[in-house]
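For reference, chains read A, B, C, D, E and F in written order, and residue numbers begin at 1 within each chain.
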Amino acid sequence: MLDVSELVQPENGLIHPSIYTDPEIYQAELEQVFARSWLFLAHDSQLPKPGSFVQAYMAEDPVLVVRQRDGSVKAFLNQCRHRGMRICRSDEGVARAFTCTYHGWAYNLAGELVNVPMQERAYHNEIDKSNWGPRRVPRVHNHKGFYFGTWDEDAPSFEEYLGDMVWKLDAMADRYDEGISLVPGATKWVIDCNWKFAAEQFASDMYHVPSSHTSALVALVEDPQILAELHELNLTVPGRQFSGNGHGAGFALRPDILPSQSGPEFDAWLDAHREEIYRRGGEQRALAANGHNTVFPNFSWLDINNTMRVWHPRGPGQIEVWAWTFVPQGAPEEVRNEIRTSTIRSFSPAGVFETDDGENWTEIQQVLRGHMARKSLFNAQMGLGHEKQGTDGMPGRVTDDMYTEMAARGMYQRWADLMSGLSWQQIAELDRNRQQQEVHTA
Amino acid sequence: MLDVSELVQPENGLIHPSIYTDPEIYQAELEQVFARSWLFLAHDSQLPKPGSFVQAYMAEDPVLVVRQRDGSVKAFLNQCRHRGMRICRSDEGVARAFTCTYHGWAYNLAGELVNVPMQERAYHNEIDKSNWGPRRVPRVHNHKGFYFGTWDEDAPSFEEYLGDMVWKLDAMADRYDEGISLVPGATKWVIDCNWKFAAEQFASDMYHVPSSHTSALVALVEDPQILAELHELNLTVPGRQFSGNGHGAGFALRPDILPSQSGPEFDAWLDAHREEIYRRGGEQRALAANGHNTVFPNFSWLDINNTMRVWHPRGPGQIEVWAWTFVPQGAPEEVRNEIRTSTIRSFSPAGVFETDDGENWTEIQQVLRGHMARKSLFNAQMGLGHEKQGTDGMPGRVTDDMYTEMAARGMYQRWADLMSGLSWQQIAELDRNRQQQEVHTA
Amino acid sequence: MLDVSELVQPENGLIHPSIYTDPEIYQAELEQVFARSWLFLAHDSQLPKPGSFVQAYMAEDPVLVVRQRDGSVKAFLNQCRHRGMRICRSDEGVARAFTCTYHGWAYNLAGELVNVPMQERAYHNEIDKSNWGPRRVPRVHNHKGFYFGTWDEDAPSFEEYLGDMVWKLDAMADRYDEGISLVPGATKWVIDCNWKFAAEQFASDMYHVPSSHTSALVALVEDPQILAELHELNLTVPGRQFSGNGHGAGFALRPDILPSQSGPEFDAWLDAHREEIYRRGGEQRALAANGHNTVFPNFSWLDINNTMRVWHPRGPGQIEVWAWTFVPQGAPEEVRNEIRTSTIRSFSPAGVFETDDGENWTEIQQVLRGHMARKSLFNAQMGLGHEKQGTDGMPGRVTDDMYTEMAARGMYQRWADLMSGLSWQQIAELDRNRQQQEVHTA
Amino acid sequence: MTTATPDTRRPVDPTVQHQIEQFLYREAELLDDQRFQDWLELFSDDVHYWLPTRVTRTVRERSLEVAGPEGAAFFDDDKTFLRGRVRRLSSGQSWSEEPPSRTRRLITNIRPVELADGTFEVRANFHVLRSRAERHHDTFFGERTDLLRRIPREPGFQVARRKIVLDTTTLLAPSISIFL
Amino acid sequence: MTTATPDTRRPVDPTVQHQIEQFLYREAELLDDQRFQDWLELFSDDVHYWLPTRVTRTVRERSLEVAGPEGAAFFDDDKTFLRGRVRRLSSGQSWSEEPPSRTRRLITNIRPVELADGTFEVRANFHVLRSRAERHHDTFFGERTDLLRRIPREPGFQVARRKIVLDTTTLLAPSISIFL
Amino acid sequence: MTTATPDTRRPVDPTVQHQIEQFLYREAELLDDQRFQDWLELFSDDVHYWLPTRVTRTVRERSLEVAGPEGAAFFDDDKTFLRGRVRRLSSGQSWSEEPPSRTRRLITNIRPVELADGTFEVRANFHVLRSRAERHHDTFFGERTDLLRRIPREPGFQVARRKIVLDTTTLLAPSISIFL
């Protein structure tokens, strides 16, 4: 087991940059972090009918996520057990069964090996097909239409894993009576940076907005007067940040769910559905849905920008981003379309916000080729010692400002615990103690 | 020495995929497998006259293979001993000597250092040129026009190394009184997969043909009726598989050496030379020359497709294929041309068979980026426990069907023995015991 | 600490090629060689006014080299200490301050953290800005307008580090009363070879010229008669080679500083400034400025070709060359322009000399992919046992010919001493003993 | 990729071909020279500038390969937002283009047809090469289908519709901070 | 690379140039759109479709660089086999093209000459970009020398001979499962 | 990148465009065929063949991006030195081109204007692909601005000035041992 205690010191807000570059640490992450955590697989709306499938990834492992005839969803490694061929090479589609093109072994929708060519002649009927299906994802959980899976039989239940973060997740996932659906098609692109830069920023970093995204506002707003006001607002609006179980979220305290940042159509629709939205999770939760979020380790979304993504790791220095736009299931076409276009224009590879985020991460990674650069500790001390719990009665560790790095420290704490090979019980134990101490010291 | 006993279990038909991806294993392969085995260098027809040379590779090491004035063939590392410059940068040609372009050290056709510029002024005549020639390939063997070489002084003789596989090799190499020659020019291309996928398939895998190559038949045959018959034939024709010393071969039991799969011209010519062909190695051997073959580790050919190739390793995840078409030396131009075109169309980077093989191997390799994917054992159990020896009185381990993975297991057994650092004697010893056991258990 | 004593044996003139390919050795070089040596940063003429800056590299670490208001030059790592963003992404320019685009931390020209956005709100005024500036280059030395820097507090002074090589450096840097300046703009390109091939050649290798650069003369000279004479001259002209502290230089003994190899304009100008040039460093030094030079580890120049460059390492198998043309500060435009064009045409990525050097190095590196190739020792024995000191009363180890590899052996000796982790004192000690022995044995 | 029906489509003569080619070269030049304001002039006020996403599917399902109007896209802009993008690129704070990228647009295989209403539907292949910072390189390739309208002033045409289709699914670039 | 002797070679005027360019663009379009049957129509029944191999040799031996008619090749097809390839590509079981690749053909530097017999010898440079599956990319570049014959019907020409020469020796791709 | 003032610049008609295109294609062909002596003929005796270096700077300082006449360059040749380079390439000892590279020049987006004095200023985009030895690949892309003069003999034009600008700063190649 790697000793990472030297590398990340959440209690001091210090990070050693080698965790973003070391190939051994990366391989350990695949085993200790990604193979043990709950990872996002797919959303209901991607699997409309029996046989509907999408290829998803759990870190670097391709998995087929398939709608079963009984309506349930199963997932299995997209790798044939005979000689390892990728069973299905389409990104998505509708299938009756999956046949490996190399030698023709065939699998049903559940990923069971159902046919082996020349089973008698070649295998003398001695092959036990039940042993040779592709590796199944043993645990798949449906949280309000969001399917998450984990390879780890010992991982806590998804609810327990999520903890207080459920409040923020449901503020998005459970916002409307008719739920949400994804705009058809994922947007996928590659950024040469470590996955933690992206995951951490969406968990904890409201602080970069004024500097990194100034020009995005210039694109959205013509009137310099309004521009100045918006910029001022960014600096003055109060906010909150949540941290728990490695997850993180930050948001402003806004008096209203409007404006939506998408446009008039959505504004009008939201206004009309205000009661419904408040009813489902309470006004406080509804109003909190305006910020950044990461469910540990690599599932993130932005509430009012209606973008949701997974940061798939691709080696220590690269990620593959898979992003989707989410819209209210029940909203009319004009509303859904307005949201779709506004999200494309702000958060996508050509989005006026997104491009500048990527520029930061790639440059950081580039600089880390340097020997001295890899020896200089990063500073994650914003708000250190000012952590709070239950601010405004919100669940869990919620501190009284959104400009802090509490959630970043929380994320690296969880990362370090997992990398150290601690059991889930040990981790839960430790977290309890840490929070109690925090309360006392507070 | 790496312990690979956990990684490949030939006796159980299990393969751990890390042998296809681990960089350390790959470096060990260069040392334990490729630097100790007999590797194909060139064929007589590539070196028509004194001074004729080709640059070949022994794994990743470039060697110059040169026709000497006395007609013999010598080979040496294409690396200058002064500062390591590649001595000759042409793929092939005719030379009187080789002069390193960096500082002008010059070598004769045998690879001896014959001239050092300013030997007196710069070296005070103290350099012993006999010590500073490029590394010679100490053992080069001419087997019926096929030159093989090895770096290993302790390796068994080529005949012993080949063992019973000589029967299959000669069925191709020694088929005609006038021998065979290669169509001028090698076809070279790059596939992002481990070399063992290719070598193993040509040693042991008739099983993939019906599934992988269905569409190839569609290209060759228009009549759906005939198509169906051919497909049926694939599934029903009896066949045999050979395994020995890590080599492997498989073939159908065909009543005749015709049709040739090249076309009418060759058919007619073969028909006319039937006696000759049968006379040279017997009818049984002549008829057996219709399948796939690999001489361990990376020299393969297909009899009736007239293609011969080396799978040069280029890192754990890449190979460089060097392929040649072989034709009967004595056949008229029309016949040789018919064979040439039919081989190009079936087995070459644009060949209707070849392209689908590559697709399988690259996808397997891609999937192995995954952490779970690298933990799932592959199944090489086809025909496990049904191995036979001397079926139909054929030499060595010849089992009674061509749809088996006996030869794959044999190849991985030899690979494991070499990787474990066993001496050639120890390996021979072990093989004898294994086969005796097999006989008893049979 | 790596044991490299097996890898390089300067006393026997033997080099193990793995020092050019092994990734671990490379990482150790970054730490033991580059992070401890004095590295070239910039020249005065690149930083004309206060706020002028260039981004330079110390091995793989980007540093900003900035002209201060007081005229001095400071350098610091171009990496923000918050999350590691590259502070400045321009190659050069003039700045008042540097603001990190990610979150807006701002630094002054000296690299001090001067502003942190929302310092009160986000950091509760608890951040000590004096602790969080980018890593400064602790020692920057101005040698006659050439700025060198080192990360190592324990390294000897630049003068001591340079040792007798100062004589050759000043022959270029201190040649004219008005000094030299660089033609605006660096020429940067990438060669897939280890940095030591380039550094060593410029330190020690006059021997490659007749063979590698024959065709360069063909480009420069039309008359075959003159061509033959020049070639003859190369082989017969006497010369000297210097080696000390890992540095190296070689040059011919020419009767005059003319011709300049640039053209008539420069010739005339030099002729007119002969007195001045001889006066500054003596005639012997002036005449010696006609060869190749390397200040350990990676700063090289050619006197009469007026090219100066750094070989930035980029992994074991790649370098990034940064080259500049130097001209007499005081010379008129026509002279400076004649030098500029003649240098571009001879030593630049399209230069008739330069292209052939690169071809050698890339091919050497390619061949080293081979396993046997990496086991074959290189021969650096030219002039072994014929080393001399103080030939013609020149300072330090100066041997009586330019066709020798004494300087190469000296460079690898220094490399080995540093890689072994010896202290600077231990190294000085060892060098003294080695030279005394040499004297005795001589 | 094309809407009009065959009968209403007429090939163009060498002169019109020449005009259209020069127009598209001119447009590419303005982008490569980063003259964004001038570039904007070449687009009609009702322009639709669209780059849908693409997935890997079987031959049988190829019609579903490129996303439809209701699907995910990289660009889906009107003139107003194009203006906003240009404003941003000129702000000096658009960090992914500050310092600016260096771009080169190879516009080839230009295939115009004249439609019944006198507009031109032009399909063209493109290969856009981008380098930025020290050594970063990206490459974008695919097909553009433009709808061109004649205008009575220089340069004679206006882009009224542009559909860009990349020949990739996963974009092997950190961003498309340029125009295609 | 060219057979006819100078005196029998005449340059073409802008109109013919335009026709030939559009014909070659059309051909590329059919391939990029994977309309293989329509593509086949553009080739004469006696067509020779040839892509010889290439080796690295000294300047002195350059004439031996590209393999001759009796040497190794990547393609050496007649119309019948081209038909077979198209049949295969349409079978839905041609795994190296199922799911299909995405291709883009840049056809540039089109240099036609009219020969004495009224046929046209056309040299053109090509850069074919291919992406397939998730992130696989290949690139093929070189020169094509076509022999074009006029035909009395659309699209006005037929390819009677095609020789493709890649500017590479070792092919840095797993396959050429497409046409060039 | 351009010197003449607008009013003195006239667009060219399809015929001249065709002549200029064929001239530039011809030039590229001679280089790809390594007929260097013939290539040299296409340049006037007073030609300036120039490829300045380039740096990364802010939008504000973009005018300083490309080096000026007194700055660093990759090429800065007159006819005499071009002759010397050709002599060298033909010597059989020019190791970086012996064995020779394989090159392919895609010359696109050709934009000529006629100047007051009857010469032509031609901007064109290029993508030059080079492969050499076994697997080495380089790619060069950017823009060329040529000054063409009419000559009374074949091929009708001469290059009197060439400025090449690469769209890269750090050259990702070991050398430019070819012409661009």
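FYI, a residue touches a chain if its C-beta (ideal position, glycine included) is under 8 Å from a C-beta of that chain, and two chains touch if they have at least 3 such contacts.
Keep in mind the model is a prediction, meaning the values are calculated, not measured.
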| item | value |
| --- | --- |
| Neighbouring chains common to subunit C and subunit F, by label | B, D |
| Between A-D and A-E, the pair with more C-beta contacts | A-D |
| Distance from subunit E to subunit C - Cα centre to Cα centre, in angstrom | 50 |
| Rounded Å distance, subunit D centre to subunit F centre (Cα mean) | 27 |
| Residues of subunit D whose C-beta touches two or more other chains | 14, 17, 56-58, 95, 97, 99, 106, 108, 127, 133-135, 169-170, 172 |
| Two or more partner chains touched - positions in subunit C | 89-91, 101, 190, 212, 356, 359-360, 363, 366 |
| Chain-chain contacts as defined at top | A-B, A-C, A-D, A-E, B-C, B-E, B-F, C-D, C-F, D-E, D-F, E-F |
| In the complex with subunit F, residue positions of subunit E that touch it | 1, 11, 13-14, 17, 54, 56-60, 62, 106, 108-111, 123, 125, 127, 141-143, 167-170, 172 |
| Contacting residues of subunit A [partner subunit C, same complex] | 17, 197, 205, 207-208, 210-212, 235, 356, 359-360, 363-364, 366-373, 376-386, 401, 403-404 |
| For the subunit B and subunit F complex, residues of the former touching the latter | 89-91, 101, 190 |
| Subunit A partner contacts - residues on subunit D that touch it in the complex | 51-53, 55-58, 61, 67-68, 70-77, 81, 83-85, 87-88, 91, 93-97, 133-134, 136, 169-177 |
| For the subunit C and subunit A complex, residues of the former touching the latter | 27, 30-31, 34-35, 58-62, 77-79, 81-86, 89, 100-104, 117-118, 121-124, 126-127, 132, 134-135, 151, 314 |
